[in-house]
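Would you mind keeping the following structure in view while I ask a few things?
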Amino acid sequence: MTDTYQRSSGRAAHQLRPVRITRHYTMHAEGSVLIEFGATKVLCTASVEDKVPPHKRGSGQGWVTAEYGMLPRATNTRGSREAAKGKQSGRTQEIQRLIGRSLRAVFDLEKLGERTITLDCDVLQADGGTRTAAITGAWVAAHDAVGTLLQSGTLAATPITGAVAAISVGIVQGTPLLDLEYVEDSACDTDMNIVMTGAGQFVEIQGTAEGVSFSRTELDELLRLGELGIAQLLALQQQSLS
Amino acid sequence: MTDTYQRSSGRAAHQLRPVRITRHYTMHAEGSVLIEFGATKVLCTASVEDKVPPHKRGSGQGWVTAEYGMLPRATNTRGSREAAKGKQSGRTQEIQRLIGRSLRAVFDLEKLGERTITLDCDVLQADGGTRTAAITGAWVAAHDAVGTLLQSGTLAATPITGAVAAISVGIVQGTPLLDLEYVEDSACDTDMNIVMTGAGQFVEIQGTAEGVSFSRTELDELLRLGELGIAQLLALQQQSLS
Amino acid sequence: MTDTYQRSSGRAAHQLRPVRITRHYTMHAEGSVLIEFGATKVLCTASVEDKVPPHKRGSGQGWVTAEYGMLPRATNTRGSREAAKGKQSGRTQEIQRLIGRSLRAVFDLEKLGERTITLDCDVLQADGGTRTAAITGAWVAAHDAVGTLLQSGTLAATPITGAVAAISVGIVQGTPLLDLEYVEDSACDTDMNIVMTGAGQFVEIQGTAEGVSFSRTELDELLRLGELGIAQLLALQQQSLS
Amino acid sequence: MTDTYQRSSGRAAHQLRPVRITRHYTMHAEGSVLIEFGATKVLCTASVEDKVPPHKRGSGQGWVTAEYGMLPRATNTRGSREAAKGKQSGRTQEIQRLIGRSLRAVFDLEKLGERTITLDCDVLQADGGTRTAAITGAWVAAHDAVGTLLQSGTLAATPITGAVAAISVGIVQGTPLLDLEYVEDSACDTDMNIVMTGAGQFVEIQGTAEGVSFSRTELDELLRLGELGIAQLLALQQQSLS
Amino acid sequence: MTDTYQRSSGRAAHQLRPVRITRHYTMHAEGSVLIEFGATKVLCTASVEDKVPPHKRGSGQGWVTAEYGMLPRATNTRGSREAAKGKQSGRTQEIQRLIGRSLRAVFDLEKLGERTITLDCDVLQADGGTRTAAITGAWVAAHDAVGTLLQSGTLAATPITGAVAAISVGIVQGTPLLDLEYVEDSACDTDMNIVMTGAGQFVEIQGTAEGVSFSRTELDELLRLGELGIAQLLALQQQSLS
Amino acid sequence: MTDTYQRSSGRAAHQLRPVRITRHYTMHAEGSVLIEFGATKVLCTASVEDKVPPHKRGSGQGWVTAEYGMLPRATNTRGSREAAKGKQSGRTQEIQRLIGRSLRAVFDLEKLGERTITLDCDVLQADGGTRTAAITGAWVAAHDAVGTLLQSGTLAATPITGAVAAISVGIVQGTPLLDLEYVEDSACDTDMNIVMTGAGQFVEIQGTAEGVSFSRTELDELLRLGELGIAQLLALQQQSLS
């Protein structure tokens, strides 16, 4: 496989876009983080509520869940507002279920106690990779929300068992690339989202080939790129917290 | 009526909160404005589309409309996401109809031609006055969107016939106040939203007394405060455009 | 401003249409009033139920709320049935919220106790002014419903603190008019609904200029007309109760 | 079977309630009829529109359809408003499908041409038999609507091939009764709605035994009662038209 | 009336299609029956749950209800999936209400105790008569579900008071026919569904003439055919249970 | 990693359940396949329609899409019917999007021409692996549907570019297993669905760790098991077609 595809941004194939994590972005939420992967901007808020969904009532356990949305003009052409259409698309539901599962992978729900942390991930500006930015930012927001529970003495010990971050990888014109932006994402043959913990374990792998299917060799290269990118994101999360 | 109510912010009764208008806040929309009335932050984008709703098809006229949303944690306690509930509240619909009417009051739809400008007003952070901030910011976004149509030669002359801005006024513990923030808004007896043009004419007056009804004298004082506030907002709009 | 516009009905600019209030119009409701403003006919029923919405449970307070509907062929061309479409329009929601707020302005919810009065305002025939007729008639229906609670001894004292009535005013071809019928309403530049108490205080003012905006002088004239009309409606309400 | 059940109204088992048919009840619709079966009052309007549903487009045939609704407080205890709930109940849908089929049975859709007659049957006050009153009144409203089409010369010949009327019958405590009112309807073992043409043919028979099932002998008696009642309704329809 | 219509299947006018009842068709449900009326195949499952709908709570009585569905390609041309459209059609609701009422006619809800039996009737392949097959099969499934309650000792005595079965009859080109298949159903002038108990009593009669209305003589013949068919179905049910 | 987990079925860790593929299961669809993975039974029908969704109109290309459903009592406890709830769950939408993408990966939409093949995958009985059974069976149904297009001469050459099949793998108590049944699926730490082509390329990989995250070594073992299972399924598909 020759690495011939030239990224319009001039980035190397294995290079992340500039990542910025801004904490305390809005004032009401227990955790509020604006995360930017290049031009992609996602506002992640973490809200703590003293109630749990029915399947957790009386269990002594808490719940961590996520909702995802995109402002109508976060994208190049205006998308219709889901609230006005009266339903969330299949894509929206898939993404918010993915974010929820990813965060729960690093939460001890027993230690959280009977409360819910809701991660609202709202895309202000989209340029590819919104779901991976959302997961990476939501973890920082969740961390801040847990911080308020620790500070107030509501919780004695953190229910967070580790960090979690996510990145997209894909194959464009035969070249495996890290952290696809929109023009690459819409041109790619294979698109994969990888979610990993701070301990280097996998939480989610979602690889899709709507165009050209991919070989085991390509899969291995995509996983290698993803591991590289996530290691950097995990470092940036820690740096933003210090 | 003695002016006894002391605002927690130390503001005078007739004083606006600091207002900030940031143009080009996001990159995709033809117009994109972040407007801040104190801690209230509303992102107003203007999107131009070459189509009109059914009632305007073939009329030679365009359309100007608005949609309004609030991020779930824009407020002190998390509100449910309207897209997830599957419908917009009566409040949301009232507000977006108000924004649409206000903007249309300063648009010559004939001159706009058969295209639609949609103003998406999304509240990132709420502290009272979100609908008035939305109208004031949406006008700037609409102005920028029209600018792109003029620059590209799509339009030869502007369809905008003047400026429009809005402010809230209200009576709290007997004291008429300008530009209510959330604590004042929830304590007030009468709440009024005023929309005026750059020419000093009224576009909308919506005054509501759920608690104590108000006299003609109080109404006159509220209108006077409103006119004062709107004059300042109109100046700030012009300043942001220069 | 010269009063040049001639009303097709021959009415003077400051003249109400013939108003008829028929109590006990249907047999099941605690209050049931057919109110007619000329050809506009609205059936207002008041239903008493021994339950309150969640935000009032355990508060010792009651609730007063309204629902509004229009029969599909109440209008000149058939409108679609909201029950069949599966949702209420923004207009319907705005109107029922307005009726509810207007009635609550003259109710002591504490004295009502933990029960709900629902005012169903259904338009049988429409010719402009349906929301103002609805408010004016709903008050009589609410009064009758409270009467049954007093008579049965459920309540010892009335929770009604005064009367409330509403009228529309507007500017058609430069002429301020009282109580617009449909042809006037669709031709008007400014349309205003005014709700006032029996004590001459304002409860709601909703003025809208989708066409030509209005000056302070015009606003004052509209308010004067509205006060005139409401004084007559308040008298007619009292007369219907005696 | 001994005829022991005494009707609270003093009516004989085979006696209809007083029936009143008021034409031109509202002013906008092409046909508008208030029909009363005792205390049951249904407003039936017929609206003519120059369009047909998709399955009739280009067929040269018209369509006749019905919608049914009940005002929330038409009944003894307030029912929830279907428009507010966002869907029509199964009962409502059953009834409006029944009314539509019944009317189509006496319409030559070819002769109607590509237009739709919509029969809106709205119950203002309910005391049993609303669907049979609706069918009987809707036919008169449809007749009036066709009259306007004939008068204007839009149609040269009537598409109505005959009359149609409907009545309920039932067995209460072993006694077959004609035209059940609400207290009888809720106590009955078997409830049957019969729709017949002016020529004495059956259009619909819907008999239901949720309590005690019925024998062939009882069925025959119910059919006999129904034929009796419908003969009278057909006469009253003709009388109202003359 | 001359019996001239020749059925494409070669069946006599009074002849049922081959009927097959397969019990224990799927493994999870308390009762699971595949019933076939010729090419019509309906899977009827009976599920027992220890809860009742609100109107039965605390009454000591149970509830029996039904839901009906058709796989999108059960029919000759693909129908849209109701779950995807977001609502059940009026036809679906009518049928599931009919199945529920029919089963309740042979249940002693007191003896069932506060539990619910839900009959899910899903059409795998349709060729006319799906609702009558569903009722006939649902009764066998309900019987099996009650069997598990008796065997486990949850119930001491059966709440089933008798059998119930259903068949369609209709008039095609003047010929009364038993058990219509699809081509006959779509060509028929009158279509009637009859539900009867094992004791030979009627539970439901639903006869509809959208085309040509029917005489009393024709009605009598249809009832005679239906009684014949149901007698055979009742025998087949008993045989399947032994 | 020691292979200590004993499957209740006695199967080896790398062993598939018995797979049965029954073609022409129902009579109306162009392709109709019942596929069984042990006790899991999914009916897959392929319907051909001469229309395409909006985004393909006029493109000369066809479309392949899927819908997924589960009968309410396909599972151990009754699930609510999505048509009755009025919406499809996030899980349902995820699965039907996955099936659609998987099938499109082996279709040349250009060669299909402007027509749509809809794959309806309805679960009659569920015991784990319904989505992988659905993909594997849907391919056979699609193959049969294409066969009818070839036979009728509508298509000259097949638009199918290869086979596609899917299997689940997972880690239960540290042991990697192939083809999880329900008890294993609900106990597993990691669950992965793998979709591959006949050429041994990957189409989809969806691995999820809601419990314990997984290492790269475990991932490699899961992929190896999946490749093994899919090879067998591809052979069974071919065998069923011969």
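All chains are identified by letter, namely A, B, C, D, E and F, in their written order; residue positions are counted from 1 within each chain.
Note that a residue touches a chain if its C-beta (ideal position, glycine included) is under 8 Å from a C-beta of that chain, and two chains touch if they have at least 3 such contacts.
Predicted, not measured: the structure shown is a model, and the values here were computed from it.
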Among all the other chains, which ones are in touch with both chain A and chain C?
B
Which other chains touch chain A while also touching chain D?
none
Between the options D-E, E-F or A-F, which interface matches C-D on more than half of its contact pairs by residue number?
E-F
For the Cα fit of chain C against chain E, please give the angle of the superposing rotation, nearest 5 degrees.
120
Express in whole angstrom the distance between the two chain centres, defined as the mean CA positions of chain B and chain C.
27
Could you tell me the distance, in whole angstrom, between the mean C-alpha positions of chain B and chain E?
59
When the C-alpha atoms of chain A and chain B are each averaged to a single point, how far apart are the two points in Å?
33
Going by residue number, chain E touches two or more other chains at 86-87
Going from chain A towards chain F, every chain in order around the ring
A, F, E, D, C, B
Which residues of chain B touch chain A once you look at their complex with the stated criterion?
26-29, 32, 39, 41, 43, 45, 47, 49, 67, 69, 71-76, 78, 81-84, 86-88, 92, 118, 120, 122, 124-126
Help me check something: in the complex, which residues belonging to chain C touch chain B?
87, 90, 93-94, 96-97, 101, 104-105, 192, 196-197, 199-210, 213-216, 219, 223
